[in-house]
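Next up, some structures in structure tokens.
In the two complexes that follow, subunit A is the common piece, with subunit B as its partner first and subunit C second.
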Partner chain A sequence: MLEKIHDKKRILFLKNIHKTYTQGNNRINVLRGVDLSVRAGEMIAIMGSSGSGKSTLLNILGLLDDYDQGEYMLDGEFMGKMSETKAAALRNRHLGFIFQSFHLIPFKTAQENVALPLFFRKVSRKKRNQQAMEHLERLGMAPWANHFPNELSGGQKQRVAIARAIITNPTVVLADEPTGALDNDTSLGVMKVFKQINTRGITLIVITHEKQIAAMTDRILYLSEGIIKKSRIKD
Partner chain B sequence: MLFSKDTWQEIAYTIQQNRIRSLMTVFGVFWGVFMLVILVGVATGLQNGAYSAYRSYATNTFYIWTRITTKPYKGYAIGRSYYFNNDDTRILRETIPEIQVVAPRGSMRARDTYNNVSYKDKAATLTIYGDEPQIRDINLMEITRGRFLNRLDLVQKRKVAVMGSESVPLLFPEDQNPIGQFVCINDIHFQIVGIFGLPNHNSDDYEENAKAIFLPLSTFQQTFNWGEIVGWFSINVKLGFDAEQVKEKASALLARRHFVAPNDKRAFGSWNMADRFKKMADLFTGIRFITWFVGIFTMLAGIIGISNIMVIVVRERTREIGIRRAMGASPLSIMVQLILETLVLTSVPGYVALVLGVGVLEVVDKVILFLNVETKMFQHPEINLYAGLGALVLLTLGGVFAGMIPALGAVRMKPADALRQNY
Partner chain C sequence: MDIRNFFDQFQEIFYTLEKNRLRTILTGLTVSWGIFMLILLLGAGHGLENGIDSAFQEDAINSLWVRPGQTSVHHKGLKPGREISFHNPDVHEIGHKIHETQFISGRFYLSRNTTVRYQKKIGKFQVVGVRPEYDKIENFRMVKGRSLNTLDESQNRKVVILGIDVQKEVFQNQYSIGKHILIRGIPFQVIGIFDDPGDQWNLDRIFMPISTLQKVFNRNDLVQNIAMTINATDQSGARAVEKKVRDLLAGRHGFSQEDSQAIFIHNSLSEYLNFMDLFASIRIFVWIMGIGSIVAGMVSISNIMLITVKERSREIGIRKTLGATPNSVVQMILTESIIITFGFGYVGLVAGIAILEIMGTYIKGAAYFKNPEINMGIAFGALLILVISGSLAGIFPAIQAAGIRPVDALRDE
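What follows is the complex of A and B.
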């Protein structure tokens, strides 16, 4: 049984995950039995064509969506049916998110955006601003701390989003096409940041279309027709 | 969360995002509450004006007097005159327990005489009442100087008089104290022992009462050859009893005593102040109901407007809500945030409208007083504290309710779906 698994190295474990969407009278089986095991500190890429279920899988991994069937374990804890309040607490404790379109809150400064997850952790304003500043400094974004998202470039926005994702020191960072809206050079810069984060022991799961980006990870998984068909470990 | 700067920063941002929309929306609530306050204030002003006519009287009172019989009874012919007397006073007091006060009265109206009261070289035409001290329990009078009639005046049939404040200048110079002076009423001297004022200038009979002179009833009867006759009774009914029923009981008793046919309703004249007051009170209850009904629904229309806007706001901010939830915001914190926003949009204009409305009523009241406008039917427009607090409670509950609907919608959506939205 999944509950009996206490392999500390295995931070994330999926077994036979199914997910079906209903559109009108049609049922679309997006995930048809995904099995996945991720070790702590691993950096993996999930590739696949459009509609292959990559984002759905990431949403399930991020507790942003539920699944119909299967078993999911995160950091030794079984994720079954749970209240949204509990899911929110788990997301805040274990997970960091990076999105293709950055998803920064427009009326908050870079520093306030980075500090946001700590607000939901009830960290004092002074402390969360201080921590946000430290993370922005690490990512070379300190001079832009008081800028609003619309005053930043794509790469800068993504660095702010990365700082926000890691400020809670999460177990796993989930990145959905993090370089999709960036040019090549900026994309490589972002991936370098990912590498740095990964060397600090944070597990990274990156969804990408770009082979160049995927090649920078430890392992590449190919999702096709709702199942992981191929897995390639980097030489 | 309530005291977090972030919370209020976001509320301010939401409002600023669409200033015109926010302004138009909050104006709905502002106008609803403002109209409620003004309507209630005006209704209260009308009520105060109407009630002021009754301020000089105990309202649970009726008056009864004799008229000519219209039915033959027990050998007595139709068209007979009869009179109440002192025994009736005693019997009424002894036999009808629902009665609080019986005040018998004799009177000589000013309209039936001319220059009937004089002091030195001055004369005036004044109504003369013969009363017992209990009349003050029904007809509210303020003794401004001296005293009112007392039991000893009555028992000893003293020739003493109490003057209405408006009759004093007709007989006495401004610098002279009338107390202790003797006035001549129908050629008989009475010593002035007190001056009274009436609290209400609005009653129809103010003029006559303020220019009246009160004598002890026993003295009045003896001096002016009334014998045992009583002109009419003012009867105040104990609290909790219906004045109309007590009036019927008293009429029946007096009819038996004076051989008046039980069904000869026209043999008694009567005026039921309690009934008149109740009718007016009922009218104002109706007016108050309509006022609150219209006011509350105008206010609710404003609150519903806010709720509609909040639904749009939540739709516009769905993705932002999704981001917050991905970062770990609990559904409760999202709901509290949205409800707080709605509460600000409802309560701030509501409180402003309440304060402004009360201010307008206060100004109107001051203007009426300043201009000394004779307003028998409109006095002191106001909204009482409890009504104001009630409106605020309703407004707050309305605000919470208005925010609850969009807030529930926002947290029901899965975070993944919220993040996908692109409004």
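What follows is the complex of A and C.
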């Protein structure tokens, strides 16, 4: 498996990433030199206790937050300090996001939520609705296409969020506790969907607390005290 | 930006507004109300101005009305308390010596209850003696027959013209021209029927040459008051003619030019110009009030939009995470603000115009209120103000929205 990974292109690369927050007079060093290399098509899990810096790392990977020191390369391009406009364009082009609390827009239907990233790519309404419908169909959500988020179950909402994350055919999908709000069976269902996505070549980085979920990925990274301390590659 | 994408952006914004209907309506109502009140105030002010203007136009606006009084100050050895009375030579001298005079007439009223009879029908009316030029001063509109002329005056003809109410009461539907009526038992031939939209009192009156009245009813050359129109276009011109008339009469009747009680002069032009000044002030006041209410609406929209942006920070965070740029967020909030302001402002504008139309239809006969309307320039001006105010109202919320960091907005509560 390791060889298989090494054969592939390095899609995401972090070197000595530092991030510090200031809270009053206190400086909190959340990340203290994170090194990470992810190859195209990999599915990895990042685990760690609360406050270990998992979400901060994901925000930096997702260009939602900046870092103080280090190097970040995404799909062959260095991500330094950049304008919010450029960050938004890169997020739309390269990244997909899945969150624990789904973050669907409540007054849009499932289909409209899925189609939204294509709106920012200036894809016509007809085409983006058509593509959204195709993605919902693949995830078994077509019958709920015209339902609003408050009419869907947790698992259904997460499938809609997954469809939204992959509709732009991103290089990397970042999932922050994607099963945190779901029961066991539903969580396993969602992970099966992740597996399907991954087999289509999309790189997946999943932050999770749950060992059972992490065990379904190719590689598990343990973040502790602001650095990646352990890395375990699944057999 | 290509046109398809431009419409798509608009569709997205309309969709968001439509999906949040209550919030949109509540936000827009303040602007609707502001523009509604502006249009209503402007239209009503205009209606009042038209009404006053029309009332003046239906009489000559450049008229002077002079009536005698009682002296109140000593003058050249004469005691105060002297009654002043006018005579035909006063009228002639004003006409000859004051060149600004256009038309002039002395007037003499018989009693308000003068008995008028036609066959078996008896009525009580006021009979007035005037010169032929008087119809120009009052702007009489002859409905039938003719008005008084100089031959009627010079030959002391016993002819009369009747107000339409007199004609209706005395003759009902019968043809009256050429018929004879008896005024205090003396026969007079009816030569014309007139209407006077500017003065309803005249419709109940009978007019005859003043020379005839003075002769037939033994009034010698006595004149009760003098009416005239003058050539003047502004306050100072009108006041100057008024002074000339006062000075001339003061010289003729031996009273002080400063004696305000000896004669009374009603200057219509001066009064008209005063009204116009008043309306100019009212117009400015209405604009200040109207713009004030629009500004209040704007502040209210801006406040509501700020609250909305706060409420929608998660949605904005999601949009930014998915690829919305700060510019597109500013554009979204600004366009929403402009659409709300323009759309609801337009509703207020149309509602205001509709109410003015209804007012115009139902208050047609009202005195001093006519055609409450606004012109197209003001309507377009109001629309322009709406677009500008919509943009201004949206600026601060839009800047705030653009500054939302997705990482903060999406943090789980």
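Please note the rule applied: the second predicted complex is superposed on the first by the 227 of 235 C-alpha atoms of A that agree within 3 Å, B and C clash if a C-alpha of one lies under 4 Å from a C-alpha of the other, contacts with A are read in each partner's own complex, and residues count from 1 in each chain.
The criterion applied here is as follows: contacts are C-beta pairs under 8 Å (C-beta built on N, C-alpha and C of every residue); 3 or more make two chains touch, one makes a residue touch a chain.
Here the structure is a predicted model, which means the values were calculated and not measured.
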item	value
Subunit C versus subunit B on the shared subunit A, clash or fit after superposition	clash
Which superposed partner A:A142 touches (first subunit B, second subunit C, both, neither)	neither
First (subunit B), second (subunit C), both or neither touched by A:L64	both
First, second, both or neither for A:A40, with subunit B first and subunit C second	neither
Contacts of A:Q100 with subunit B and subunit C, given as first, second, both or neither	second
Touching partner for A:F119 - first (subunit B), second (subunit C), both, neither	both
First, second, both or neither for A:M82, with subunit B first and subunit C second	neither
When the two complexes are fitted on chain A, the stretch of subunit C hitting subunit B, from 75-83, 147-155, 183-191 or 255-263	147-155
Common interface positions of subunit A, toward subunit B and toward subunit C	59, 62, 64-65, 84-85, 88-89, 91-92, 97, 99, 103-105, 107, 116-117, 119-121, 125, 164, 168
Footprint of subunit A on subunit B - complex, ascending	4-6, 10, 13, 17, 319-320, 322-333, 411, 414-417, 419
Of subunit A, residues touching subunit C in the complex	59, 62, 64-65, 84-85, 88-89, 91-92, 97, 99-101, 103-105, 107-108, 116-117, 119-122, 124-125, 164, 168
Residue numbers on subunit C that touch subunit A, as the complex places them	4-5, 8, 11-12, 16, 19-20, 314-315, 317-328, 405-407, 410, 412
Partner subunit B, residues of subunit A touching it in the complex	59, 62, 64-66, 84-85, 88-89, 91-93, 97, 99, 103-105, 107, 112, 116-117, 119-121, 125, 164, 168
